[in-house]
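Input: structures, listed below.
There are two complexes below, and they share chain A, which is joined by chain B in the first and by chain C in the second.
And now, the complex of A and B:
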């Protein structure tokens, strides 16, 4: 991953956003959002070796692949939700930002439902 | 006349040469083995679980052969411990690798979550990683808890099978008071240990684990104090039971020993004085019979001790392994800064400590009561 690419893109987007905010604030928000999405996509593509290494580690440790998928998916949801939430806060819409965070939490909980069920079954078995 | 005398002597010499008679002492080993089988010890031994009999068989101990008991040496026990540890090591090590894998993956991914590290979404991600660890660790740990409960139940069944043998041999060896006292005491120990462990302590350990899992998953729900209270209750109850049991055992053994000594001496005196001419010989014969029965009782007691040691070693080793796994995982979780998972792992470690104490207490109750019964007989 080329950090200079990311830094250059981020600084350029920031300058554009500052310039556009004086004339068209909505375009500034869109510029920030677009730059965030591009950087996020670039980082995700570049971090494929990290993710495959983590998956290999979980596989070697004899953990079910579904657990590893749940961990990775929840991390991805957290990233996307945080990106959108930050964009909304930048635009001054903190209420919408909170709703996005709430949606992100629910999405993670839904993804992790099989884990919840398994642990709840274990806890009930222990109590009975 | 002289000729007849010489002929008689010659005839006697010929008879001695042609018809020799051999005189020897009885074969005590076969006699003891026969007595051992007839005492019911072999039948009681057959009530032990198959894996215990197999383990004792590998050490060279056969339940129907008194001589084979001498093969139960420290070396054979150490070999058994080593082989059991190697056999029981696989599941804890696999779980340890799984937990460490999850912790490392969380740490690796955590380095990437700095963008929301201080924000609300971090709590949710921590929850998911703790759920992963709970799912990986709790399944084998609950199996360990069930295994310990099953072993305690089996041990009390074995004790119940040996009690009539002890009582009969105790009475035959001139310790009727001790036989009666220890019969009741051993029966109480076996039933009480089984019932209290199976219906009291093990469910409380399970509940403690369940509360700790819920507490780790929901940090907002503060049930740590309930879990801590349950741990204190179990620890206190264990200490109380062992103290009361030891006190009763000591007092009963002292009283019954004194009573048996008086009874035995009175019986020998009466036999020696009441039977004319051969009274002292009969009294000595009574002594011999009682000594033989005492030897049977010691042999049977030694066999039962071996059975209990071999039965309780695997669950103790299992619990110690899981405790070690949980402690090592806590160290890694603290190093990597995964606090929520660290709380869950500490709870698992505490639960394994409680379970180890429970299994040790059950083992000691049975082993100590049989040992005191044997020692009471030896000093008489």
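And now, the complex of A and C:
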């Protein structure tokens, strides 16, 4: 992962977006969105070794792989929801942006529901 | 990661802005609107393809 690539791309896209904003504001928003997508793809592809290392560590610690999978999935959901809500906020639609964030939160909770159940079962076992 | 994609979008935006002003000056408002719309649709198609690429990458990396 080369940080200078990301920095150069981001600054270039920002300059182009500012240039376009005075003529056609919609293209400025699309330029920003494209830059965000490019950087996110780059980061996600570059973070593959980190994720495989983390799952290997989880495997060595004898933690069930389904727990790590839940964490990983919620991270992915957060990335996608954040991208969409930032794009909406840039376009001036903060109401839609906060709804997307709400949807992301619920998606994460739904993915983590089995864990809640297990915690509750453990608590009941300890109490009885 | 290719910066050419962002350059493409910016170039389309500049061309559409110039065309828009020329067409409005020559008194063809409808064609100016259509040009803006066509440019917007082209850029949206490009962006949608990239979004689907991003979603595929996230799906494979985070095993969603």
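Heads up, the rule we're going with is that the second predicted complex is superposed on the first by the 123 of 128 C-alpha atoms of A that agree within 3 Å, B and C clash if a C-alpha of one lies under 4 Å from a C-alpha of the other, contacts with A are read in each partner's own complex, and residues count from 1 in each chain.
The criterion applied here is as follows: a residue touches a chain if its C-beta (ideal position, glycine included) is under 8 Å from a C-beta of that chain, and two chains touch if they have at least 3 such contacts.
Just so it is clear, the model here is predicted, and its values are computed rather than measured.
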Is A:47 in contact with chain B, with chain C, with both, or with neither (first, second, both, neither)? both
Taking the superposition on A as described, I'd like to know which of chain B and chain C A:8 touches: first, second, both or neither. second
Mind working out whether A:115 is in touch with chain B, chain C, both or neither, as first, second, both or neither? first
Which superposed partner A:67 touches (first chain B, second chain C, both, neither): first
In the superposed arrangement, does A:80 touch chain B (first), chain C (second), both or neither? second
Report for A:101: first if it touches chain B alone, second if chain C alone, otherwise both or neither. first
Please indicate which partner A:123 is in contact with in the superposed arrangement: first for chain B, second for chain C, both, or neither. first
With the two complexes superposed on chain A, say which partner A:18 touches: chain B (first), chain C (second), both, or neither. neither
Between chain B and chain C, which residues of chain A are contacted by each of them? 47, 72, 75, 79
What residues on chain B touch chain A, complex-wise? 94, 97-98, 100-102, 104-106, 108-109, 112-113, 115-116, 119-122, 124-125, 127-129, 131-132, 134-136, 138-139, 142, 206-207, 209-210, 213-214, 217
Show which residues of chain A lie in contact with chain C when the two form their complex. 5, 8-9, 12-13, 16, 19-20, 23-24, 26-28, 30-31, 33-35, 37-42, 44-45, 47-48, 51, 69, 72-73, 75-77, 79-80, 83
So, in the complex, the side of chain A touching chain B is made of residues 47, 50, 53-54, 57-58, 60-63, 67-68, 70-72, 74-75, 78-79, 81-82, 101, 104-105, 108-109, 111-112, 115-116, 118-119, 122-127
Please output the residues of chain C touching chain A within their complex, sorted ascending. 1-3, 5-7, 9-10, 12-14, 16-17, 20, 36, 39-40, 43-44, 46-47, 50-51, 53-55, 57-59, 61-64
